[in-house]
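Order as written gives the chain letters A, B, C and D; numbering starts at 1 within each chain.
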């Protein structure tokens, strides 16, 4: 085993940051030497996340108090818009350092696409050329080389794992893709909001950001790239009364494939050697409970009552394969560790 | 106020039966004189449902021990297949009696459609001519006259309230209707099943009966009738970790209407005088929390990212407007009581 | 039926305020003419609580914009410390008006007890003489006459209903009363807090305010009054992953009663004529599901393994009998309406 | 690292069995060669527990179809009463084999105590002499040598970890110990029961087995042993609407210790070198969320309002430290592996 790489985590007080630590502290090739959380600077990590007590982590500091000179890898769990600026400064300071960003700042291949979706123009467009889109299964070569790895959003991760091989194979049409998505509340973050209070989100289901969610253009970018043309998708997320987990129900039209069995066969072939992607047996319906707490993605396909259509269902843990787990998977790819290191745990059920 | 009508409830040990009692015992025009539950015959109702203690209800008896001669109305909350037989016998015994069925046995206008969906042929096809489909808002005249009122399934209720006026107005197309539905676990009934244990259904979301749910043909029957042609719909229900509530997200193609505002205007006009249907203000997203425990249905419409499509969202409480509440609403229509009697409670939130 | 009384609700944006409206708008003797919520002034109520859409309520205004001259009754759902000041001003303006306070400001019989518990001294100590402690079942005469009715805290309501008759009868000792309490998250209010986010409070149970909860001195006041001596109780609340409901498990020592049956008999006699208090059958264990959404309280008693001790269990809906429902019950007593008016709904289960 | 030990798991279809596999398949020193589940014999494990798909496990067989001759260790996750018989037969067949029992059959040090609690007399009383009570932290020497390791019940684990060192030190009295316990529904098992349906257990809290739970005598046995006298405890469990996790709130009387700080100091000293027991910082309230999915136990102590009493709170994951995790910890002790092998994962939060 190699010498451990030294790591900083920026944004350690968010759920994705905390989950990166949960997994990362058991990684023999990772050593966290700096954790930041501006509003909690000075506190021990255990006072912010008691479940991490005893993990031997450094105290929280402010972003500006980190010495990046001896650091090999920076994980970013910051709100969108803040990484671009910070990463530019960090890289200038230590050009050898690599960045694995769990946020949205480097996900658009063309930085011009960032502004219309996130409200402010990209402030480090020149860096985009050094970034790889971090959907591990589809981009290992680029991830291995890139200085910045932009981990996909949680919804794009589940959606693209389900649909990309089908689009690439021409099995389904890119017209009228309806992606009806469901997610637990942890995706909304730890900052207190009325909508994610237990008394509001509990015993309830509701769509949100209908027609305007920021993950739709990201999905369209990657589907469009695979299809070789511009596409528009329906992406409709729903808030589900659970903490973790995400499931997408994609209602799509067949193209070359003739039915669900044929579509499943395409998936099975595409993922035959993938350690984290499981195409379920015919008839087995994926549930978020099948992947909770793990880096796995489970997918299956069903015939629709409407002729010429199928339903593709995929599920991941939004904080693991949808964020922190995929970040570690990308770290493993980028730094030459076995890809499953520290993320090999089986799902927690029940 | 009229003299109270005497009522029997068959199947009082199910959730819909219990909810009918919760509402019905506060109805000044209803008096429950017989409650049946074959496996619990002989027990007081409170031993089966402690929340109904003190409601002054008769003890449970077996179906065959009820004297139907003095009874005005029979509510049925029985499993499908059992009402057809029983209702035939009851009506033979007391031809003046009326039946309000919360089960599936009389929902298909052509009894020949029943067998292929529910597995066994209809055993009382002659009675179907005396039955009205009990979607109150669309069938008041027939409900007023019919001897048997077949209350719609919970999913058809929400779906049809959302889509029927749009189909009738030609606002949307009946091609490619994708109805992605979400329901709490009470819809699966009180009989213990592994899938609805809290340890299984909690902290989880999963589709079920994908492509084969029995409510799809019922939806197709009514949409088809409104459209004047045979239609096929995608109906994909999901089990949500909550007890009550149901929400459908209908992804549909526009026809005459040009956008979500126009579609909403059609709904608003259709429901202007309806006491229980609320078309929400533009931008307000329906949530099951907005209708919990009540007979209300809330609907709204949103533009899709895919041009020429809209998303219609509707929510009801599956046990109230989706079953017991609508049964009482139909009782009120059938027997000449003000339509909101006993179901006027506002939703319980949080 | 009398002419409806005109009412103002101060603090309509909290959960107790909203639940008062849910119940109160169906009260034939109540007409809400003013609703206040300072941070939401100017908005329609439905924009703050969509489940109240269509209830015909006035828009929200600021406290200072209410004309109290024509108002018969003011319901207060304000944070502690704010009612004392406001009520003093209101009463000065309209001395005929009566106040039903769901907050803590007038719960201590001696205003000197208020400061040590709530942090600031009582600012309207002279008004305390006009206040009655609003535990309906124990204080109807005073409630009928008082200008201010101080509804008890939710935990004191459940605890006192379970233990007061036992202390009064000398059935149990007031030494070593251990009250282990459990509550849903709605008791913590609607203001966003990290601890009541679904991702934090869901799938979790945790005690809070251990040894220092403000309801302990209130319980001690009433138990002490009944016992004729100063008492100290262990009161240990736990946050439960549910929205509504409260259950107290009181571990107490027997005095004159010899076992659980004898204790239950005392309760049964005490509550023989009470419409909202149910002493369950021997062996039936109370659950919050038996009272959800209703004004009922269910109590039962069990023998302990430790000789000479019993376990008394009581459950209420914290927002109804623990707050808004009891407020309406007190309104009914105070203004001469039948006591169950508008709060007669049976519990919502499941 | 040693050669892996070959293992059989009897009762693989229960939650504790499944959780043993989740953890055990990642143990480099364990190889599962036989899994039994009589009602599912012949099925692949993934068809019973989809989250274990791809873990490389053998198919399920019947107990009688296992060849125990080459097996080093048998884990039992069977219902009480079935292990005694089966273990006797297995040991006769292969006297070198060791048994780690997660059930109740060998927990009573005197087999005569078993019958009165579990209803039928112990059928293998001679084997009891070969059994060690498997509360790892208190019995390592015996566990290292014993042929049968009887893992404690989940509630005794949490309770004893909290109270044993205090009783041993004389810090607290063994009179009037009130143990108010809370558990998620997974403790009730996977067999469908009405009480653990989501529609029943969700949005609800209720005590159960009040005064008669089978874990009370087990707690009394160990507390009594430490105290050197017979003790009776109040043990009152509550069902909480969550899947995993357990928290006990012990209301106890001080003896030699003078307050919560002194009690905490005793715990801190007792557990200074224990990898899985964390005594929290003063003021930090344990929550099941602090240990979910992990083998950790978190404990803290608080002063009571009643002089001379303290409140000791402890939390574990009922399926891990309360069952499968402790079983693996005992395997590690018994077979000479580092004690944390395969159970070092940090808790899953949120």
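By our rule, a contact is a pair of C-beta atoms (placed from the backbone, for glycine too) under 8 Å apart; a residue touches a chain by one contact, two chains touch by 3 or more.
Since we're looking at a predicted model, the values are computed, not measured.
A.B. asks: Could you compare the number of C-beta pairs in contact for A-C with that for A-D and name the larger?
C.D. replies: A-D
A.B. asks: For chain C, which other chain has the most distant CA centre?
C.D. replies: Between chain C and the rest, the longest centre separation is with A.
A.B. asks: Could you put a whole-Å number on the gap between the CA centroids of chain A and chain D?
C.D. replies: Computed value for the inter-centroid distance: 36 Å.
A.B. asks: How many angstrom lie between the CA centroids of chain A and chain B, rounded to a whole number?
C.D. replies: 40
A.B. asks: Taking the mean of the CA coordinates per chain, how far is chain A from chain C in Å?
C.D. replies: 45
A.B. asks: Touching two or more other chains, which residues of chain C qualify?
C.D. replies: 15, 184, 186, 199-200, 202-203, 241-244, 287, 289, 292, 350
A.B. asks: State the interface residues of chain A toward chain D in the complex, per the touch definition above.
C.D. replies: Going through chain A, the ones touching chain D are 15, 18, 21-22, 25-26, 49-55, 186, 202-203, 243-244, 278, 280, 284, 287, 289-294, 296, 298, 344-350.
A.B. asks: Within the complex, which stretch of chain D touches chain B?
C.D. replies: 15, 184-186, 188, 190, 192-194, 196-203, 241-243
A.B. asks: Which stretch or stretches of chain D touch chain C in the complex?
C.D. replies: Within the complex, chain D contacts chain C at residues 176, 178, 180, 182, 184, 199-200, 202-208, 210-211, 216, 232-236, 238, 240-245, 247, 249, 251, 285-289, 292, 302-307, 309, 311, 313, 350.
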